[in-house]
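For reference, the structure discussed in these notes is given below.
To keep things simple, chains are lettered A, B, C and D as they appear, and every chain counts its residues starting from 1.
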Amino acid sequence: MFKLSHEPLDPTALKAALANPQAGACVTFEGWVRNHNEGQAVRALEYEAHGSLAEKEGAKILEEARQRFSLVAASCVHRVGTLALGDMAIWIGVTAEHRDAAFAACRYLIDEAKARVPIWKKEHYAGGSSAWINCARREV
Amino acid sequence: MFKLSHEPLDPTALKAALANPQAGACVTFEGWVRNHNEGQAVRALEYEAHGSLAEKEGAKILEEARQRFSLVAASCVHRVGTLALGDMAIWIGVTAEHRDAAFAACRYLIDEAKARVPIWKKEHYAGGSSAWINCARREV
Amino acid sequence: MAKAAEMIKSIQVLYFAILREQRGLSRESLATAVGTVGELYDELRGKHGFTLGGEHLRAAINDEFMPWNAPLKSGDVVTFIPPVAGG
Amino acid sequence: MAKAAEMIKSIQVLYFAILREQRGLSRESLATAVGTVGELYDELRGKHGFTLGGEHLRAAINDEFMPWNAPLKSGDVVTFIPPVAGG
């Protein structure tokens, strides 16, 4: 399941949904809002998504991971809206019988999500400026 | 911090202790008690540890990970005693500025912990038999 | 005249992120005579001064990623996708 | 006689997992004349019938992993470590 969420993510509930006695390994990845990026002090982030296309592309990436790796389950939720320092931007959880598959699939999912899912990040800096990341940097 | 715990692990609290606005990535590994191993139905596990040596070796492995990878923090807790299906045997959490280091260190920690920390696992099977795993399999 | 009128297509365009800000809106309906997604971006860029060159974008038609030279037909919903940065 | 007595060392041995079960206890104090950890295991294996060969074990003296041929001295606490299986 790939979802977007306007509310803060709840990793405890998300992980509980993966509980399965077939699984021996659970690997999670969380992306947190850092207080700095490339030398600038960050005070907040905005994430904007093309909702329908993002959920479609996210589902495709999860399906690819299931084909490539021997998994029990996998899910991914991405936050949208305004996030503060320390907030969780993305949660990915993968379960498998063995850890090789869980690590590899979790890594695959975050790499592909970052590269392909139509979500954009705008950083707001301590000085008052802001910039769309990867989006032809410009101050606005 | 490497610790042994006789009580069920609390991943929410363990992860909360890693919260840090310097960190952009958090990777966790959880080992869960599977309901089967090498074709046998498992009904419970026992973990036994050499406490002082395990915590010493665990601390050494964490220090190695800090030397090798650019981390913000890392911790590992291993459960000892009798565990039921689905119980968490080990929790490892790693934070870093970037995900490469977080994934690599988390993988390093579980691999080294499994190979080096003096903890032993006895599987109890549905049929009533049991066996020390990796410990010259024999039915007892 | 009839032929020229047939070539005019009604298209909806969705804007996100930097394109949304530069256009000043999230969605618009327009009529165009161009044949492909890429040509539509060039037309809109000329009109609205988007800073991103087409070589930095991907395109979607009706919620499917499509090649830059995909043909347009009347009724299509087109999204231009700036470089993404989730996670 | 004095010389032989000096060579006798007081050692504590800790047992875990399969060794603990096969020995029937977790810890014992013993006196031995052997020189190394490995020789001590061979002596104990002969006495108690441990199934694991020494080549499958590691050893620790006073909570430090030590080589199999590490010398023993009186007062040492020795642990024989069967193949581990945490995680």
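Worth pointing out:
We adopt the following convention: a contact is a pair of C-beta atoms (placed from the backbone, for glycine too) under 8 Å apart; a residue touches a chain by one contact, two chains touch by 3 or more.
The shown structure was predicted, so the numbers you read here are calculated from the model rather than taken from an experiment.
The most distant chain from subunit A, with centres taken as the mean of CA atoms, is D.
Per-chain Cα centroids separate subunit A from subunit D by 51 Å. A separation of 24 Å divides the Cα centre of subunit A from that of subunit B.
Mean C-alpha positions place subunit A and subunit C at a centre distance of 27 Å. In subunit D, there is no position where the chain touches two or more neighbouring chains simultaneously. Subunit B has residues 31, 110 in contact with two or more other chains. Chains touching one another, given as pairs, are A-B, A-C, B-D. Considering their complex, residues 31, 47-50, 52-54, 56-57, 78, 89-90, 110, 113-122, 132-136, 138, 140 of subunit B touch subunit D.
For subunit B in complex with subunit A, the residues that touch the partner chain are 11-12, 15, 19-36, 85-86, 95, 97, 99, 102-103, 106-107, 110. Of all residues in subunit C, only 14, 16-18, 20-21, 51-52, 56, 60, 63, 65, 79, 81-87 touch subunit A in the complex they form.
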